[in-house]
Each structure stands twice: as C-alpha cells, then as structure tokens.
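In what follows, chain A forms one complex with chain B and a second complex with chain C.
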Partner chain A sequence: MALDPIRLQDEKPPRPAAPGKKWLRVTKAVNGIDTEVWEEVADDTGGPQWGARESMRLVSREVPRVDGPDKVTGRATFSHDVRLPGMVYARVLRSRVPAAKVKLDLEPARKLPGVLAVVELGEGEVRWLGRPIAAVAATTPELAEDGVRAIVVSYEEQGFAVTPEKAAAENAPKVNSRGNVRVLSKNTDTSEIDAALAQAPVRVKGTWKIPVQHHASLESHGVVVDYRGGDEATVYASTQGTFTIPGDAAGRLGLKPNQVTAVVEHMGGGFGSKFGMGIEGEAACLLAKELKRPVHLMLDRSSEFHAAGNRSGGEHEIEAGVGKDGRILAFKARVTRHGGVGQGSGHPLPYIYARDNAVFVEDRCIHTNMDSSRAMRGPGHPQASFSMEGVMDECAYAVGMDLLEFRRINLPEGKRELYMRQLERCAELIGWKAHPHKSAPDRSDAEVKVGIGFAIARWGGGGNGQCKVEVRIAQDGSVEVLSGTQDLGTGTRTYCATIVAEELGLELEAVRARIGRSTFGSANASGGSTTAPSLAPSVKHAAHNARVALFEKVAPLLGATASELEVRPGEIRVAASPSKRIAWKDACAALGPNGLSAQGEWQAHLAGNDIGGAQAAKVSVDTLTGEVKVLEMVAVQDCGLVLNLMAAKSQLQGGMVQALSYGLFEERVVDPDLGLFLNANFEDYKIAGAADIPAMKAVFEDDPRGVIGMSEAAIIPGHSAIANAIHNACGVRLREMPMTADKILMGLAALKKG
Partner chain B sequence: MKSFEFIAPRTLDQVVELLPGPRDQKVRDRVKLLAGGQDLLGELKEYLVAPDQVVNLKTVPGLSIFAEQDGRYELGALVTLAELEQSASLRRTHAMVAEAAGAVGSVQIRNQGTVGGNLCQRPRCWYYRHEQAVCIKKGGSECFAYGGLNKYNAILGGGPSYIVHPSDLAPALVAAGATATLKGKKGERTVELERFFTLPSEGAVTRENVLAPDEVLVRVEVPAMAGWTSTYVKFRERSSYDFALAAVALALRMDGGKIAEARLVLGGVAPIPWRCEKAEKALVGRRIDADTCSLAGKLALEGAEPLAHNAYKVPLAQGLVTKALRKLAGT
Partner chain C sequence: MSDATSPHDAASREPSLSRRAFFKGAGVVAAGGLVGEAVQAAARSASLEPVRLEGTVELELDINGARQKVAVEPRTTLLNTLRNHCTPPLTGAKLVCDRGSCGACTVHLDGKPVYSCMTLAVDAVGRKVTTIEGLAPAGELTELQSAFCAHDGSMCGFCTPGFVMSISACLERNPAASLDEIQRSCSGNLCRCGTYPQVFEAALAAGRKLRAKGGK
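Our next item is the complex of A and B:
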C-alpha cells in the first residue's frame, strides 16, 4: 500500500464530467499544500480565451519584471524597510534549552532605559529548542536586544531528544504525549511484499538519509504592526498569504478582522514557511496593543533558523526487486519523517516510477524537541525523489541497463510518453549520447571523472477560485489592475500588468499593477504553486470584462456594435473596416469622470494542472580531493501557458540552484548531547553561491493547456540528478545528503577496499 | 552586542597605553582592537566577547605600509588582503602569499580584512562560536568537538582543544619564513611567525598565539625568496566563500629538475599552521613525480589522529600536497 496522500492525488474523478464541464484536481493550500480535491468546473464559459500564442505581444514573451529596478536599487520597500513615526523595535527571547518549564522575571528588562514593553509568550512550557518565550520592545533594536538579555529565565530543564537517533532510543525522553516514534500508515504487514521481493532475481537495498533543510529566505519572518490605539491597524507582513494576516492580527489586537489591513508590497522569500503571522507576529501585536505605537519585529538570522520552520528530513529504508528484463517487480520502503515536534510532510514513495507492481510503504515519523517542519517548496517531493532516483540508477546498474531505458520500462503507462520525451530532450542537451558510461559507472583510474545523472518531477500546480481581481480604466486613459495577492518572488506583479496590457492593446508601462493589500480583491495564499493558475485567469477575466465594457461605450462613437470592435496597439477599431478607429486616449475620454471598473473571477478553462519535468546534471568528481563540481544542469518542463518566459526560466533555474544547494551543502547540524543548534547562521549552514552554480539550460515545452504553476516542480529533481551523476562518474553511491567531499573520499576509499 | 566605548587613537603608543598590563590576562578582553572588523564584529554580535572599549587601529598612521625592497616585504598590520592579492610583485616573488590572501572569504571580506586581523583571528569551531557552549577555548573545561561533531576540527596537534587555525595567510607566511613584530608597553619585539602561533598544549588554551595582553601586532616582514617558486592550494567545501577544510602552502627551490629546498605548511588541519619538516627534508634531491607526491603526502600527514568525523582530512590533505607539487612542477 502506498502512502495515502499519493493515492488521493492519483485517483480518477468519481464519474465522467457532465457535458460542458470538466474535472479539475484543485489544490487547496493550507499552510503550503495539504490536500487536492476534484472539482467539476465549467469547461468553457464562452468568456475570455488566451488565444493563439504566436499572436501574443507580451504574455509568454521575455518580460523583465516591472519591479526589478526597484528591487536591485533598494527602492522597493519590504516589511523590514518600513519606518513609521513613533515606531519601536522588538526582539524575541528564545528558549536556550529544548525542553523545560520556564519562569520569567521580566522586571530587570523593564527597568532598562529605552525598554518600553515586555511580553511573555507561551504558557511556561517549552517543547522545542529556540521557542520564543518573551518579546521586548524598545526605542532601538540594540536596546531591545539588551532588554531580551536582561530577562531572567529560570529553566526547570527536562530530558530532551533533539536528534531522531536520540528520540528513537529506548527510554528516550518523551517529546510529546503521542510518543516519539509514530507509525502513520495502517498496514504494517510485510509478508506479501517480502514474498514478492524474494521472487525477484535481482535485489537492491539501501537506507537513504535526508537532512533537514532550511528555507533560508533572505528576508526573515516578521511584521511591522502599525497600531496607534483606536479601531484601525495596518500590518506590514513578510508573508505568502496577505489574507492570512488580518484575522490573526485582529485577534491579538482586540480588533475585528475588517479593522486590520495587511500590506505586502514586496516580500523577500518564503518558500512555504510564511503563512499566518507566527509567534513573532503575535508578539508584535501584543506589544503594539500595549504601547499604542507601531512595532517593528523581524527575526534575526539565528531565530529564523531556530523558530521559523524547515523542510522535514527523513530516512528511507528501501528494498527493490528487479526482473532480468528491467522491470521493478517489488518495491518496499519504510519512510521515517523527521519533522521536529511536527509530523513532517509525507514523502511520496514510490516516486512516479514502479507503481504498477507490488508496492509496500510504511510511513512513520519521529518527533524531536526541535521546531516543527513547515511546507517547503514541493513538500515531500525532493525527499522522495532523492531515494527513488537513486534506487532507479542502482537497479539499472544491477541489471546492466541504460539508465534511460530502465526508466522507460518503469514509468507508469500514462506518463511514459511525457517523461521519456523530456528525459530524451535532457539527454540531448547534456550530451548523453556521446557519454561512455550509460549502464555502469566509470571505474577507470582517471583522477577527474565526469558523470551524468537524470531525475524527474511531478506536480499539480492547478488553481482554485479564490481570487477576485479589479481592472480600472480612468478617463485619462490610465489603467490599474488590483488584487490583494502577494508576489512571493515569482513575478506576480509583472504578469498581472502583462495580461491586462495584452488584452487592452497597451504597452506594459501603461498598466499599473497594485497588489499586496488586503483591501483589494481576495486572493489565495501562495502555496502549492497555485498562485499563477488561480490569479492569472482571474486577471484575464477582469481585463476581458473591462475591454468589453469599454467597447460598449466606444461602439456608438464608431457607429458599430461592441462585438464588431477589436483592440490594436494604442487604439480600438472596427475589425471589418479598420479605418473606423479611435485612439486609446480618446476612447477613454468617453468614459466620463467615473471611468470604468471591471471585476474578474477564476475561469477554470484558462488554467490547467498536473505537470511533469525532467532534469539532468553533469558533474566532475576529483578523486584526489573528493571535490564535486556541477558542470552543467538542464531542465525540460511543461507548465501550460508560460506567462512570462523570462520569469519562468528564472524560476526553473532558481529551483535547480536550490536543489543543487540542498544536495551539496545544506544541512541543519544539532549537537545531540548539548541540545544546541550548531550552524544557525549563514557561515556554517552552507548555501551554494555564484561560484558553485553551473551553466544551466531551462527549456519549456509547447503545452497547449492553460496556466499551471510550476515553481515547485523546479526544485524536485536537481539534487537527485546530481547524486546519480556522482555515482555515474566514480562509482560512489551517496545515500546521504549533503554530498560533501568527506563522503566522496570515504566512499572512494571503501570502493578501493572492495 | 554589548555597548562599548569606541576609541580612535592617533598613535601606536596611545593604543598600547589603552591595553591592559602584560600580565593582566584576566582582563585582556575588556579592550579589543579593531582592524578590518571581519572577525571582531562577529565575536561582538555573538556575545563571544563583550569589551568595555573597542580601539580603532585605522586612525593610527603607519600601519598600512606595504613596502618592497629587493624582494623583501614589510607588511603593516592594516594592509588589506585585497592589496596582497592584487600585488603583481608579490605574486611574482611569493605567489603562495598572494594566492592565500586571494583565497580568503569573499571579495568584500578581502577588501576589508587585514594582515594583522587575519593572523590574529579566532577559531571558527562551531562550538567555540556558539555563545551557549562554554568550551575549553572560552574558559570551560571541555573541548566539545573532541567527542562531538568534529568534521571541521583538527587531525594534527590537537588537545586539549581541537580547533583548527582558520587563517589562509598564516601557512603561506610561515612557509615564507616571515617574522612578526609586536609592540607592547616595554617596546617592540620580533618573533618568527612560526613561533607566533601556539598549540593548545603549549600556550594558553584560550588563545592561539604569543601576543601578551599589552601587545599589538604591528607588522610582518617577509624575507626574499629569490630562486623559489611557491603556491597555496586550498580546499573549500563551498567554492563561493568558505574556510579551508585543508590547505597547503608549498615553496620549492629547484635545481636542475630536482628539489633543492622545500617548505611545506598545512592549513585547516591543526590548531596552528602545520609545518611539515620531515616531508620538506624528504623532498630534497627528488624530482616531482608520483612517488615524490605520495611520499610527501604521507610524511606531511604523519602522526595524524583523526577524530570520529574527520578521517577524510588525511587523504584530502595528501591530495592537496600532490596538487601543489604538480602545480609547481608545471604538470
């Protein structure tokens, strides 16, 4: 039995769709991506269409993001940059121990000059290392830090387990009342799968170890709460869900949600970790409520590592049985998720391949006294990909088969064509044909060896109907598009403007996109790559409605009916007699002082879902030093209509970089005995920099479907392709990330010994 | 960081006056010297030191001197790593020093970081750098790395502390036979740089060098190396910027295809720049071939005692010795 969430995603709709309708697997993202449900939606409302791609001027072209210059020159205002009259700065005090009852004496902090308010957080019990237990507001950040350090904490320390090994040990201190090791799957009877494995002529077995990765957003978590008493507040939040803020904040400020406005003008990365206000946001509200002054509370980097989420680590014990013909006949896995005090996201094994024959997966989690994991870009998938793609190559080598041919055999029927097309394109781009080591690793004595590896990804990326968009045309011809949505860094603001400009025949500069404010139309939180497929169709709809409304006004001036008109750059004309035309400015002048406002909602037929991608990596391994250099990475991805080719490529490349970094460098390091997080900083928590990043090619396939979110698919396969390339290069199979030189050197030494 | 008084003296004498007395070990951290600040700011922000006074050396004239005469160099304590890296003459006469300077951190750090600061910087061990881990380096009783997570720690010269000296410049300057001039309340003294650094088993375990509480490192002098070639080979886990997992400073004087004289110093593997005299001697009279490389690597790492997680440093450092030899052989 495979993991439940996967079955849910792959199930067929309950019945055929009614005429004129279609089934959509709609992602409902709560704190990232949790569930997907089938929704029957109108296939085509007769409303807007994206139209022929070759005729597009702006959509699907390479458009530099409209806020790019502001971001690179520092003009863009992130929450961290907000400065308000009378604003004070806050810092949090974190628990120094993983498990304790705590008593705080706040008075020494309150007595410090410059310290204005101190609040206690939590109920005096700490279950994870670094939990914020108090917050201090002061006139400067430095004084707030002094205040934090002046608080006297009495820790009644309890036993703790900060690593899975310690937590799973006999007589380990209890992390919570549910037990440290929890079996989540129902079926734990392995007799059937063991029998199937026993019959397979070739078997591959191994344990994969996956470290905890951090989101490492450049802008830390936090808010600026502008509350000065009275019945109104504005919260500037670094969040991926504008509309997750007002309700949370109102509760803490003693206001109603409609009295709180959330502002997310720009935000510096979230990757799944920034839904809701968090403890830090609550603290800022409590301080603002007490002081009736604006409070600026952004976490410092150490707090960001300790208390703002992470990607769950895990361990996969896998055994696969393979036939001589290369078919995986049996796949058995025990998945153990490491999500701290949380459960961790599911690691969907078997990942894409090997689902047709005997499959058994036991799913467990081990709790530790560490911060709960949160959703992180493609939750669970990069973890599952790492072990699965490793199993694929190990099996292929075990039966002496070409790595691509082995994949072809073990891909599910319905996905074989897609993935083989993408894999073969990757192979072509990375030079697989000329590569001499296709079915066995290079075992020569060469000092520097080159290998190639492949991996694939799948993602939903469908939209849902949570967005309302407004397009306004003013009498002077200026155009605005408004949505409360936030730009997670994917270029949301840019495609909002692009779609409207395309529809109205305007230059991009003529349309101003206003986003990131909860007083604008509602929008979904950015999780599960659902933003573009939810928002873009709504923007298109609003733009379409605005154009139709404008045509109604203009048609009498041209002696035609609205349906006879068309837009051309800068003008509106009668399609059948182009000499009958009116310049944009003159057309808008006819609108009168009220201008025009049109609304848009989600149009299911303008979105799609269910995507696949393949990536390949070429690496060199220096057998003298263990150095791995990624020489080249390529990605081939489908995602329906590409909204902005430049932004989409940068998402795909960004995903490759983040996966490379995950595979080669990133790892949370915690001392099991001292209970200390040893690398909660950007020196020792290593992240790839420019010098570590190879040449990258990002290719999008022509895909006739509507808009589909793809940014999560981008991060899923890269590290797996690198692991496979390392194995291909030098024969060392690393089943543990990060794949650092020490592991390569020890692996090479073990190979030599035989 | 804790608030402190920021002092900008005008002369070196004023600096020394501000420092504690030569025997005031216990209060030496009450005054900290600021050069490029690349290490000190981290220490302040992490509350590893909380001085009452920070003394800015940049207002003291004369500490930035960078003079060359007949292949000898005088490097003031405030000469930046970028200046060393970019000096064409240094690269010609003492390539390993210029290369080592260029291997430090990032461009920004090299623009700011100084010779004196780089040589006097504190360890990077993550236990030392964690405020809550009161390790032996910080006056505690235990080296947590010894039985803990010691991937980045020492395989040579360790005990009772197992830090590695983080400087890139130090192995290169030691290999060059440089001297350091220190100024204290009683005047100046000059020490061989090799004797400047102290093993935890020799000197005070909470420090890495012989600087007395009243002393400031004012300059380094590098003797001429006519007829020598040299190189610095550093292995970083992350190419973009990182401290060395292991590094090799190698200088050779060749005579008719054979090595006439050699200096070999390892970085990143011991609490001090690790001079490999046995390997140096064994290299004399040999051609640079596979056997020579393997012999030098073997002798250089003789006596290595890896901890639980750093055995890889032995083959790594040996590999780097080979790379350095080959580089100088031009093969």
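Our next item is the complex of A and C:
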C-alpha cells in the first residue's frame, strides 16, 4: 500500500537468481540519493575468507590509525595545504540576490595589483542565493578578495522565494520551470485508512518541522589545479570520490581524462556533499587554463554555507490511530521536502515500523531560490527518524505503555528480534530499569528534570564491485597496498594496511597503504557507507592472491606444494611440518628484482548488508532556563565484521555527536523578505563543541556477517532519542528542531496553562 | 609592492590591532611608527572610512625557534603568513572560519594559544610563535600528540592541530587538568567528525603521563 519512489522497500529480488548467481542488496546513487537496489552478482563463496575472529591479530582489533602521527604534527597534507611553485590563490564572487539576471564588469578587478585573471561563471542568470558568478586569481588570497570586491555587478532583480512558505504561496515567483511545488508520489485512495483512523480509540496527529542542516565540513570544498600548460594536469581535491574528478577537470582544461590525475591524500570532512568538482572546481580549472599556473581555490566559510549543499529540511504531517493493545491500527503521512532548487531527500514513512495499516499519502518538494540540497550522511533517514520516533513515543504515552514494549508490538516481524535486542541493551546501559518515571514525564516541582529516550536506525551498508586493488611485495620484503580510494577520516588507509598485514603474517609497520590517487586502481566514491564493504573485500582478495603467488615461488624451496604452506608471524612454513620454514625476508628474496604484484576485486561473500542500530539518550532539562544538557548517549550497533574497533567506535560516537548537534543547535536561517542567509558562519550557525559532549558509550554487537558500512546508521537516531528524552524529563513534546531553550520554555508554559 | 618599512622598533608593543581596526584611522594611530607613511597618512586623514594600504612590509618573525623573514601586506594575518609566505610553508594551522570561531588555526604566541586568523603578522613581531610543526623536535611526538594517536583523537584530522595546540597549552599550565578544565581549554575549537570523546581521553592520558614524568 505504501508508495515508494526510491526502491528502498523492495524486500524481495525481482526474480529468482540465474544459475551461479545470487541477489544482493547494494547501495547505489539513484537521482543523487543513496538507494538500495537489488543486484545480481556471481555466487562466489569460495576464495578468500575472513576466518575466525578470535585468531585475528590486527583486523577487528583496536589499531591506532596509521596516519595518526601525520595528523597530530601538521604533516598531513590536505588539498587546502598544497603549495606549489608559482601557485596563485582564487576566490569566488557570489550573487547577493537569489534570482536575477546579472551583468558583470570585470575590468576594475583586472586593473588591481596582484590580480592575474578573472573569469565569469554561469550564464548571466542566477536562480539561487549565493551562486558563484565570477572567480578571481591573484598572487595572494587577500589580493584575490580585493579583486572579488572590485567586480561591478548589475543585478536585474527578479522575484524570489527563499522560504517554503513564500514559495508555496499563491502567485509566488517561479523558482524554476517545473513549478515550486512538485509532487513526487501520491496515493489518492486513503478511504480505508481514514475509516480506520476514525474508529481508533487513541489518535495522535501532528506536523513535525525539520530545519535545513549544513554539512559544515571543516575543510571547505575546493581544489588545487596544477596545470602549467602542456598536456598533463594534477588536481588535488577535497572530495569523497577520487574518480569523480579527472573527467570533469579534463573537460574544463581541454584535456582528456587520461591526462588528468586526481590526488586526495587527506580530506578534511566528507559527509555527503563532496562529489565531483562543483562550480568552484570548474572555476579553478578555467583560471589555471588561462594562466598556465597552479590555482588554489578553496571556498571561504560563507561560500561554503551558501553554495556547497545542505541536508534538506521539511515537514512531516502524520496521523496515527492506536488500539488499546498498543497496535497501530491506522497510519497516514505526508512528507514535504525543502531542498532549495534541488529535490531534497526523504524516506517513506512510517520508516522502520510496521506498515500493514499505513498509507504514505504524498511525497512532495517545495523549491526555493536557495542552493540545492545534497546527500548528507544517511540522506532522508534522520528526518524520518525524528518524526516517526516522536510519533511512536506519543502513541506509547497516550496508551500508557512502556516505550520499548510499544515499539516491540509495532516493529515488523523480521526486524523485531534485532531491534528489541539492541533497544534492551541500550536500556540496560543507560539505566532505564532504575529510571523513576518511565511511562509519564516528571511532574514534580524539581527545577532540573532528567529524562531518557530511545530511537532506532536502519541502513543498507552493502558494497559493490567498483574497486580494483593491487598488493605489491618487493624483493626486500616490504609490502605496499594500492587503491585510488579516499580516506574521509573513517580509517580507510589503516584497514587497507591491517588486512594485508594480517593475511601475510606481517606487522602493521611492514605494509604501506598508498591511496587517494586516480592512477591507482579504481574505487567507488564514499557515499552511503559503501566504501568499507566494497574496498575491504577487494583488499582481502588482493592480499590473498599475493600470498598464494608468493607460496608458489617459495614452495620449491621448502620441498612442498603451495597448498601445504601457511603464514605465521614473520615466516612461511609447511603446515604439517612446522620445522620446514623460511623467514619472510628470505622468501621475498626469491622473488627477483621485480617482486610480485597481485590484483584483487570485490568478493561479495566477504561483505554483508542491512543493519539496524539503537541509541538512547539521557538529558536534563532546566525548567527555569529551558536549557537542555545531554548527560549520556549510548549506542548498540550491528555492522558485520568490524575492521578496526577503535576507528569504528570513533565513527559511531562521531555520528552521535552530529545527531546531538542537529537536534539541539543547527538550523539555517534566511530572511524571507530580504533574501539573505543570516547565519552563514560558525558564530551564528552553531555546531556541537567540547562543552556539549555527554558521556558516551558505543557497543558493537558480535555479528558473524562480512563487512558492512555503518557510518550512516550512526547519525540517524540520536536527535530523536534526545527529543524523546526531553519529553520524558519535563513533558514538553517538541515537534520541531533545533530543540532550543525558547521552545522548551514555550512548551512548559503551554503545559502549565493546560 | 615594496613599501619596506622596518617594524623592528615595535617589538615591545602590545598586540592591540584587529584586522577590522587596522582599516580604521583610530586603529592605525595605535600602530603609529609601525608600517610607515601610508599609515601615517591614513591616520592624519582621521577618517573612519576604510583605507587601503598598498604594498608590503618586511617582517622578521621568530617561528618555532628560527628566524623567518617574510614580506607581507600589513593586513596579512599570522595564519596566512604561516601558510602562504613562510619557507617551507607551515600549513599545519588550518584556515576554516577566518574569524576566530573555530580554533583550527590555533598557534602559541609566547606560549599562549591564540587564533592566528585573528592575529596580524605584524603583531607577532618580537614574540615567539610556536606552530603544530614546532611543538616537538622533528621526528618526535609530545606526550599529548602520542596520546592523540593512541586514543584516536583524530578522524579526518583537519581540526587536530588546533585541538593539540589548545590542549597543549592547558597541560603546560597544569598537567593535572580535570576533564572540565580540558573541555574549557578546547571550547574554542570545533570538530565536525565528533572526535571530542577521544580527544578528552587523549588529553587526560597525556596529563597522567606528564605527571608521572614529573612535569610541573
């Protein structure tokens, strides 16, 4: 019954698998949104195996990241830090009007000292606030900024709508030719559900409001284009996809993709907005092409807020009818997305919960003259979580049922066991049993009240077959693993090395992981938690193939066949007679001057897919000031084989911090009449800081499956758990983020009034 | 571009000059004698209108224990001087907000943490600048840097130099700093990956090590 524009709910493959094949749920970008689809792949259950976890030395242990020393000493070179001989700095000029025809006089900028080149961007028409319309290159960034200020812009202003309210109004200025309000899917027949709602003994109805959030990566979007004329260029990019760069850059430089190398040595934050070069990358290429000098163009913070994407906001109108037994008898939802000139991301409701009696009435977006939303960590899910977990709690309190029991009743059959196990573990970790007021808020006269809330997540996190990995063993015994992939701070570089070291019986230090270069083997872009489940199996395969190839070389030296050999730390030996052994260095010496090279590809059986995850939050609410303090957050997560317990814990806790920040602080504020973005900086757009961090606990479940990406799941439920905890503390139900003190105080005042 | 005015006589001056103030006559008066005739002219005009100071000044800075000569425009921040004008470039301090709200550019000025994006290079003359690159001798790590590695204090790592500089100064003052004091010491730093819990663990662990070694 539920309409589903993104094929997320196709629970079964479209047809039986062909002989020798099997179906896998993989995560792919469909219309720019990470979506799970079924893919038929080779049923490859032979080949390399992860093996018994208790016997692992490095994989699935707590391994400090290999680039830690570079990061703590400032040696780690981000694109932002690339300095080249003759390099110039560029800045962009943004449109200060949301919708206009623009005419530029670039000459005043060109006349300034130090300004070397000025280019116009776009085609004279602006449809969203802050669109870059020109770029200036100069010998220093300060002089480039002078150049930007000197450009004279004539705006032929057009009507605009920068808020959904204005855009949806009658006679609103047209944002684009497709209409300001665009219906993506609609279910016109709601009669059955309406009838059921009318008869339900308990009903909850409301509108949940979700602000636009910004990725706020600390390294802004941008590139350094090293082009000095001739037929080769190198582009250093702050990107989530090394291989998303060369094609675009080549087009702008007038080169072929095979003449452009992309480099992503380190990158300073990737949460979904950094795919491809963007307008800023195109500008840098145009300037470099003109100057035949390296151009450094990283967006400044204000441009980053205006023109580098966001998580779409929206409104969820929901009505639920519940039986006295706690079963949701009828459910109806309408989702509106606020994605600027873009479509925004959404997830069908009732999200994870059972939808036997549900109808998803409408999914629509309202366009505004603001920058397009982009994918952001778990696109669509944190929004869906916020409204649905609120609905679940409201219903549970309304029928007077325990919060977890109510969820148990309304979880879909196949997921009930997983989520209840995780929720109960969260409850135990956060002290739910001893909590004094479970089924009603604290009605005492206490000034500061404490509450607990829960929420759950789901994600795919499966891999795909885009990675090609090489493992090289040199004659001196040193080992390299090479992949073009990028490390967003998730620890990719580190697990590349640990997997190879584990397979070859080496210490971690003996293996060098070289990544982030498009001349190495291809790799998927990092979106939808697909990197680890795609790359790790490919690395394992390459390491396995390298070991087998080395065994072939060494076997004659040991008077055995390759299949009789095994690696032990630092040596290769005959498994059945361990005294027949050869040290690693001696074995490699037999390889000759060319050493050995082995390739690896994706091994579907080494990856898994489809995860849950539960989180709980404990908050205090100061009823005098409205201040919310998150005291504690806990997470219980399944994610198959954890590649590095230390990095995974950091990532899970990092997701919880981002969710806390989303729930309590973050919101883009625009002036509807003046068409201004009012908080495009880190003073007025607040993100969580050191003083906001609660005690945290992140637990990974033992999960026998292969590698599954977990980053998205980490960010999905935290803010919802906080919203529920606020209600449990003081009785204020906030259906709008960010959950700031003013809203709490208004809520408390309303409660007092009754 | 060679308005070479020596600033060496300004060594004892207080760092009182913001970028914004620098463009205002009032601010420029305070800088009298530092950047020469253009400034004096601006001061005489006593106008609050922005004044554009063309040309560069030559400065000698004391960075990580070595003398470094740079030629920069007077308006150039210490951050941009370190990153864009030093040899070799010192890019450990990061430019993120460029207005003192994120701490990614933190360096030490005479041992105290400052936002180098809010400090003009001319204000650093005669003072000891320490950047993340100079915190430990080459090839070594301080206890705090080691602890950041051991406790996973960085994810993407872009904010890490700023956090290390802020907390280093805190532990230098008090190796027995409590969790609360450590949180305060880096409350001017932002991390988007959300590494805070591990950063705190690293800082507490480093404090313990320093105390065991008899640090003050």
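Here is the rule we use: the second predicted complex is superposed on the first by the 720 of 754 C-alpha atoms of A that agree within 3 Å, B and C clash if a C-alpha of one lies under 4 Å from a C-alpha of the other, contacts with A are read in each partner's own complex, and residues count from 1 in each chain.
By definition in this document, a contact is a pair of C-beta atoms (placed from the backbone, for glycine too) under 8 Å apart; a residue touches a chain by one contact, two chains touch by 3 or more.
Just so it is clear, the model here is predicted, and its values are computed rather than measured.
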First, second, both or neither for A:489, with chain B first and chain C second: second
Chain B versus chain C as contact partner of A:80, first or second or both or neither: second
Touching partner for A:654 - first (chain B), second (chain C), both, neither: second
First, second, both or neither for A:387, with chain B first and chain C second: neither
Which partner, chain B or chain C, touches more chain A residues: C
Touched partner set for A:691, first chain B, second chain C, both or neither: both
Which superposed partner A:531 touches (first chain B, second chain C, both, neither): neither
First (chain B), second (chain C), both or neither touched by A:140: second
Which of chain B and chain C A:683 touches, first, second, both or neither: both
Chain C-contacting residues of chain A that also contact chain B: 142, 146, 681, 683, 687-691
List of chain A residues in touch with chain B within their complex: 96, 142, 146, 622, 624-627, 665, 669, 671, 673-674, 676, 678-679, 681, 683-684, 686-692, 740-743, 745-746, 749
Chain A residues within the chain C interface of the complex: 64-65, 67-78, 80-81, 83, 89, 113-114, 140-143, 146, 215-220, 266-271, 298, 300-301, 488-491, 646-647, 649-651, 653-658, 661, 681-683, 687-691, 693, 696
In the complex with chain A, residue positions of chain C that touch it: 1, 52, 54, 73, 75-76, 80, 83-84, 88-99, 101-102, 104, 131-133, 135-136, 141, 145, 148-150, 152-161, 164, 182-184, 186-187, 189-200
Residue ranges of chain B in contact with chain A within the complex: 1-3, 124, 126-127, 129-130, 132-133, 144, 148-149, 151, 235, 237-242, 245, 309-313, 315-316, 319-320, 322-323
